[in-house]
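When the chains are written out, they are named A, B, C, D and E in that same order, and each has its own residue count from 1.
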């Protein structure tokens, strides 16, 4: 309960600041509506079935995109951690790919993939895999020497060492990457929906913007923010069985 | 039934094609339409080039520009047109606060447009040249449409080019004293009708599917007619597609075609003339006979 | 020395001219300066030597974890150029050698991958070993929930559970109390005998070195070489009460202490 | 007991009714079951007890790193509710307690930040201590470039360099050879005397426990309590040759061994 | 072979890139499409349009560098504090997670309104984007500290400040590096994106103009320049990382064959 209070405290402060800024007219209500209006808009959304269609469309894309991105990122990082040649060969090209701006990439991608769901997922996956990839390759490249030596002694092959020693040891850090990827997947999904239209929260934001419905636009952004928090919880829930030991282990250093 | 993949930008003018599909007009013309939404000009062109779309609608000026740069595309139908003074979709707006109260005063100012090297910059250059002002002195800043009004309001830019609904929004704002500097995409004589939106396709597709293009335009004309007759149909689509409330939908003016749907080269001549005049297209680079393939669908 | 044909024919492990330097370029330090010795199957060797002389380095080389600069290690007649099969190590840094994400039983089980046995059999062996080292009831805890001595015993249990022919033990009992230590010593001796294991045990405890050994290898300061090999002709099985009072035991113990005392610290 | 007013007036450290459980909810284990003892300034206490009985837990509680469930620890008359000033610890897990990004000298210097001295003086002290523990020439290496015993000695040097009044030593010599160990023991005794340090040393080596102690605290199995406190009336300074042959030394040693042997392992 | 793979100069990486360039050139030659410029054409454009590109690159680099620097100097301390002081972390982390998924495109309007269309608005977007990887990585890195180090810090009675600067930061640095690496590319990427959305100058502006001018060659040229910048910046980052964390990599290397 106390924890819940602490977790929501920061958000409450944010809302209070918002209300102060809008109530005092510091920013024109045309561009930053009062909380009451946004709240009403959220309520109108959640009580309409149409909204939920868009909502689940976004959530589905995001979850699929994130899952695929995480699997690809970890798989490539694992293979790269196993073969030094590959790791080095991939280094500059991944550095390049990570920094290419999607607005420039999308027209080129249309050329290759056409305007299809594949394009949609490509953009999401491409956008959100890097955080996990960088974390994974960073964590997998350095390890506790004694652990690796132990594994070598007991006859683990290089692949098994990778899978059974390096990967579990890297898990806590990989989950930091996944945590970042999760929010990027949401970001990339809504941004792509804005670009390519169709269903989804991003398309709704785009429409609201074009229709000058600021309250709806902010309502949607609030909903995306809350979705971000929910995603973080989801990642934490998956993290617990895979890397929860680390939290308990580290917690021993505090007064017990 | 022939399938046509249509790429378009999701802005209010889409109502006509949406209506043509939903009301069965397309089907009646033996056409099966697959819609693809794209965000901007670059995506639109690659959508056609990659085969993701067969035809698309874009600003007429962009189609001409693309052709002049060597893209193998041609206009085969005119989506909508503009005609001064009664039929107007483009506005140049300044403010008293910024001191941009006439075209001459734009010199040396910062101007907000949706994209550089676009119809929006053409609009400023064309009107400024006509007013004897020097457009090379202004600095263009590209901003997304929804951000243009606020940029003008807080003084980030001194003038903007917009269409609806942003024009209405700016003019009715009580925070600034907006001034209409000019109407129309280009400076033109009263009564001159020129193309704004154009349906285009790759040369190759057009050569092979002229019949489809004809039926498509015929269907679009029917759709326009029915919509012009009954505004409530327009509103219904706006409400469904953009989630607009009734009031907003009603207030959204639409560039519904006023006169004829037939594409004629003379609808593009004023445009080309201004584009050449302002340096967007090199003189002699573009032959309108290549760029515009009038399809007589009647 | 020990590399004559006749001897190596029966040696399970033989080390010849082993040299090894460690450290980065400018600070490179010569650790092993030409080590020579051999072990016969079933033999129990203990290694003593001053702190920092290179005992751990030697064990790492025997285990195939370090590549010798010169010389070589033969295990079961084959040159060691990577961790060979049939060998287990208890590392001096026991606490780091336990995987913190695995519970204790899993830490033991993961070492048993080469053992040909069903899952149930393996589990039974692992439990048996944990019980033998006095950790019954702690199998489902994490290593970091155990005391130092208990962690060390998990590492021992893991090495024993693999049924390896050769055991390399780097101060495996440094962190346990005297009584447990005596028990563990007897456990090691008993299992070594029972499964005809060859053991090489590094220790700082001279009594332990004598009590456990068939032969004691005394190492010098850096660069390390074998100063002396002392045979321990005490009967086996040994017993804490009687063996330790045997005059021969006391004599050898004295000899080893004398040896060690003779090194000045570098 | 030891909490009568007169005694605690002079006690630098006193422990009363100390209870502590560890582990997560369902697996919570009662470790300390009411520990009582006290130390006078300058006193050298050694603690012996079976592996896993709670010696480290006790030291952690004395250091203010664990919060007691019941009872309390008084240091210099004040209740300990966090690490107090004037106290240094050599952790059992010495290798992890050295910061891997700092060279050895920096690891020592880093602990001296509370010491009132100039930079040069501090450096001189740190070098002196590293030299005293036999690590001259290794000050600019990283801890992970040292052998286990050498790392342990860095940790000792660090604790000594702080000039703390109270030293808590958790098996600080477990990883060094017999000769070095003897030297370190004498070093500790000498410095404790010289600076009137109070020391509490956990060890599994009974000889060490007797040799170092003014008083030996014998702990029971879990839940741990003090079984016995054995005074060691041997004269100080002590000497490895003579003290260890003193009949009193042998008697006490025997008594402690008997005590420890009486615990069955849990 | 080992020299070739792990040497100072990344030969495998260079060869791989060259290979891609060759494939691109040949493919484009065969495809011979308006939309698919050849690598050689792009190279030529880089040479010919060097003046404009260099100016644009400097504009972009300036913004990215300032944005990243601001993110680093604010988020590194913040991350350490949030990781160290649990209560604060619990209060602030949900706020971070709330703001994190908002698309920069949606942040732009507010930024423009409050800060104008100059560098400030773009910087806000860049700082915004680069901050999250740095702060989240730092928080998590501080949280997974070795308990022995925490105990050491407490027993030495380090002040919170000393603890954060002398233990938390160096111990967490190897992991924070992943965040820094991400932060740098995000800074570069968002600079370009913000220049595309609100274009005044810089590589994003160059790219946008090339797009609306239907010049595929110049679009590709802008992308290639971005790629070159990225490789240089990342190379410098990796180099600094190796120097700074020499102890970490040398210690880890003990796991390899000695």
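Throughout what follows, a contact is a pair of C-beta atoms (placed from the backbone, for glycine too) under 8 Å apart; a residue touches a chain by one contact, two chains touch by 3 or more.
Worth saying up front: this structure is predicted, and the values here are computed from it rather than measured.
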>> Using the touch definition from the top, what's the fewest steps needed to get from chain D to chain E?
In response: 1
> By the touch rule set out at the top, what is the minimum number of steps from chain B to chain D?
Replying inline: 2
> Looking at every pair of chains, which has the largest contact count?
Replying inline: A-E
> Taking each chain's centre as the mean of its CA atoms, which one is farthest from the centre of chain C?
Replying inline: B
> If you average the CA atoms of chain A and of chain D, how far apart do the two points sit, in angstrom?
Replying inline: 49
> Counting in whole Å, what is the centre-to-centre distance of chain B and chain C, each centre being its mean C-alpha position?
Replying inline: 84
>> Report the inter-centroid distance (CA atoms only) between chain A and chain B in whole Å.
In response: 37
>> If a residue has to touch 2 or more other chains to count, which residues of chain B qualify?
In response: 42, 45-46, 49-50, 146, 150
>> Which positions in chain C are in touch with at least two other chains?
In response: 22, 60, 65, 93, 96, 144
>> Please output the residue numbers of chain A that touch at least 2 other chains, ranges allowed.
In response: 28, 31, 107-108, 111, 144, 147, 149, 194, 246, 248-249, 252, 255
> So in the complex, which bits of chain B are touching chain A?
Replying inline: 7, 10-12, 36-39, 42-43, 45-47, 49-53, 145-146, 150, 153, 165, 169, 173, 175, 241-245, 248
>> Please output the residues of chain E touching chain A within their complex, sorted ascending.
In response: 5-6, 10-17, 20, 35-36, 87, 90-95, 97-106, 109-110, 113-114, 132-133, 136-137, 140-141, 143-151, 154, 174-175, 177-179, 181-182, 185, 188-189, 192-193, 196-197, 204, 207, 211, 219, 222-223, 226-227, 229-231, 234-235, 238, 248-249, 251-255
> Can you list the residues on chain E that touch chain D in the complex?
Replying inline: 146, 148-149, 151-152, 154-158, 162, 166-167, 170-171, 173, 247-248, 250-251, 254
> How about chain C: which of its residues touch chain A in the complex?
Replying inline: 60, 63-65, 82-83, 85, 87-89, 91, 93, 96-97, 99-101, 110-114, 142, 144, 162
> Okay, in this complex, where on chain A does chain C touch?
Replying inline: 144, 146-147, 149-150, 152-156, 160, 164-165, 168-169, 171, 243, 245-246, 248-249, 252
